[in-house]
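What follows is a pair of complexes built around chain A, which joins chain B in one and chain C in the other.
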Partner chain A sequence: MKDRDDALNWFMLVLRRDLTLSFRRSATYITPLIFFLIVVTFFPLALGPSQSLLSSMASGIIWISALLSSLLAVEGIFSEDYRDGTLDQYFVSSEPVFVLIFAKVLCHWLVCGAPIILASIISSIFLYLPSGALIALIISLLLGTLFMSLLGALGAALSLGKSAILSAIIVLPFSIPTLLMGTAIMSAAINQQDYSGFLLIMGAMLAIGIPGLCLLTVEAILLNYE
Partner chain B sequence: MSNILKVKNLNCQRSGKVVLQGLNFEVEAGKNVEIIGSNGSGKTTILRLLLGFINDYDGDIYWNDSEVPSKLQEKDIHCFYQGHQIGIKPLLTVYENLKFSSSGFNSSEEEITSVANKVGIKTFLNRQSASLSAGQKRRIAIGRWLLKDFNLYLIDEPFTTLDDEGVELIKGVVTELNNRGASFLITGHRPSELNSKKIYLEVENER
Partner chain C sequence: MNRIWSGIKNWLIAMGSPPLFYRWATSSLPWLAGLAFLMFSAGLIWGIGFSPADYKQGDVYRIIYIHVPSAILAESIYLLMAVGGFISMVWRAKIAGMLINSAAPLGAGFTLVALVTGSIWGKPTWGTWWVWDARLTSTLILFFLYAAIIGLHSSIENKTKADRAVSILAVLGVVIVPIIKKSVDWWQTLHQPSTFTLTSSPSMAPEMYLPLLVCVLGFYCLFVFMLSNSLRGEIISRERDKAWVKKQFFKQ
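Entry: the complex of A and B
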């Protein structure tokens, strides 16, 4: 019981610490949000104001913009802690490293993924996304962006101390299943079909991804120490 | 007296260069060992190797009087590591830097204030660490040593950037922690006045 309380305290501490640092460094959450809004705005400007065209492309535009935006800040998940020795101290402490990684991933999602979901609601209006598909968009992005944060953490761990763009390049090919599932959910929702099967698959990806990708991330960080 | 750590015939190469050759030493519980050497002599490598960050080495490491060599992670030993970079976040206050550390997360506000008082940083507990001098940041790092009881402290060059008062502070803190049963393995460029066994490393090109 004490171990469980300690692990929970440890999780809350890392989450609080990372959230505090993120909100004191406003670029962490503003940059992905602005990037998302700019990319989404480019499409009506480039394709023209045709309602039918934008409506048919809306889910794809939002999903691709969300994936790219959520990858913008992944490099920062570990880089500063790696450079200033904090990560060393956390890894040597007897507290569970898995909990540390998950707390950092969750913080990245809260700071980058959650605002993008809110912005996607606004962008769905000027992209003429059918209102019946809005709930599907929110739920699919909720699962998808969290999965992207997990993948992003792995990419960031593999590219520690190297170029920032490398983590995005590592992660992008692995984001294809998430993109396919997300757009499949949206197509089904727009055509008023049942999309619960796709949601379950995304949920299963996340359920496997949380322990699996967090453990892989721990190993990837240790590889950098060798 | 029991040994918390015993190193036997340790050899290590990094990028094809010999960094450590036939190194032997022991750290007794409640005692200190200082590893002294110039830049590139392998001081940091020893610490990182003991922590399990470097696995490519020959030789045996015994923890807690064990007769079987093992990794630190396989033993129930609480270690505190402080490398060259001391992990002080400029955007956090002094209090937050103590609280959000691996040793301070279970500490109460009273405990943190008491430790801050002991290491001489109580007056700026609520100040952002960005405005502190390098020596004052070192004092936050020393405060972290006191927030939780560890068996072994592995500290890389702790006297860097400290004034005479800071050096005296470290001596006092180390003695206090020794009395609680903790051991220190410290590195440095020259021997300190700490009550410790000194081990001198040769520079690589002299080997």
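Entry: the complex of A and C
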């Protein structure tokens, strides 16, 4: 029992520390948001402002932009802590490291994912998304961005100290199921069908992904200490 | 039965040692090459020269004798890499990491062959070079996964470290590849169902699928030959500072 409480305490401690650090530096939550809005703006510029075209593509555009911006944002999640030695302390702390890594990922999702979801509501108006699908968009993005943060953390750990594009190439193929599920939810919601099945699959992927991807991320960070 | 199993186990453990594997590969390479050449040419000559033409597609369908074997190999090589990744993560066997590294370019190559022959086949039969169909798309994604593995491996200077990084990706891939296949299936389907399944008899005439079976086996032999050949090179280049390599090449 005591062990579990300890792990939970550490989890909260890391979460609070990371949240404080991110809110002290506004770039951490502003940059992905602006990136998201810019990418969303590019689609009408490139495709033309036709309302019916944009309306049929809105869910895909928002999903791709959210995927890319949460991926780019998570890229530097470990680099600062690796440089100043905080990660070393995790590994010598005798606590289960993957719990601490999950705290970092969760903090990143709260700081970057939540603004992106808010921005997606605004851009759904810009892109004439059918208003019935808005709830589905928010729920699917909630699950999807968390999964992207987990995957992106693994990519960031594997490409620690290397170029961001490498991390993107590693992670993007693995994010395809999330993208397909998300867009399936959206098209079901637009056609007013039941989409709870796809949501359950996304939830199941998340349930396996949280422990599994965090453990693999620990394994990947450890590579840098040999 | 037990003795057979322990024999297989001992053989596998022995193959995990680079010098032993090197010697085994060197002595069996000519046999592998001969077998691969024999099966490959027999299957192709039988399939292209002697099997009957399709009643609907005519002679165009004969590209199946290259397309299907390479598509099967594209997936089995990924499975092999995942097994190698698991072994290298759990037991830290050096040779498993080298195996991933040598298998990845071969897998990417076979995937590319499957994609290109599929395109060439699609033009006369479907009317386009490419359709966004489930199986085509998931094969393309498989190619991206191979590219990710090759890219990650080549970006890390220390080869042992690179092996372990890549094995993480390979293991993640084997979990996610079925999910990709399933989700892409829900997304779109136009491709014909699989030619071979283990559970039911094939829907083709025996004069057509028997040469195809020989071709598949021939491609597998070709792959094993190419893999052992490139593993030999990999072993020598990684272990060039070890005593056994120096003894092998400099003090005969």
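To be clear about the criterion, the second predicted complex is superposed on the first by the 226 of 226 C-alpha atoms of A that agree within 3 Å, B and C clash if a C-alpha of one lies under 4 Å from a C-alpha of the other, contacts with A are read in each partner's own complex, and residues count from 1 in each chain.
Convention: a contact is a pair of C-beta atoms (placed from the backbone, for glycine too) under 8 Å apart; a residue touches a chain by one contact, two chains touch by 3 or more.
Computed from a predicted model, the values in this text were never measured in an experiment.
Of the two partner chains placed by superposition, A:59 touches none, neither chain B nor chain C. Look at A:86: by the touch rule set out above, it reaches chain B but stays clear of chain C.
In the superposed pair of complexes, A:123 makes contact with neither chain B nor chain C.
Of the two partner chains placed by superposition, only chain C is touched by A:180; chain B is not.
Legend: residue contacts after superposition of the two complexes on their common chain; A:149 is shown touching neither chain B nor chain C. In the superposition on chain A, A:219 makes contact with chain C only, not with chain B.
Using the contact criterion defined above for the overlaid structures, shared-chain residue A:162 touches chain C, although it does not reach chain B. In the superposition on chain A, A:205 makes contact with chain C only, not with chain B. Touch criterion met: A:9 reaches chain B, while chain C stays clear of it.
In the superposition on chain A, the residues of chain A touched by chain B in one structure and by chain C in the other are 226. Contact residues of chain B toward chain A in the complex are 48, 51, 53-56, 78-89, 91-92, 96, 99-103, 105-106, 154. Listing the residues of chain A that touch chain C in their complex gives 154, 158-159, 162, 166, 169-170, 172-174, 176-177, 180-181, 184, 205, 208, 212-213, 216, 219-220, 223, 226.
The part of chain C that touches chain A in the complex is made up of residues 89, 141, 144-145, 147-148, 151-152, 155, 161, 164-165, 168-169, 171-173, 175-176, 179-180, 183-184, 186-187. Put simply, chain A touches chain B in their complex at residues 6, 9-10, 13-14, 16-17, 20-21, 24-25, 81, 83-86, 88-95, 222, 225-226.
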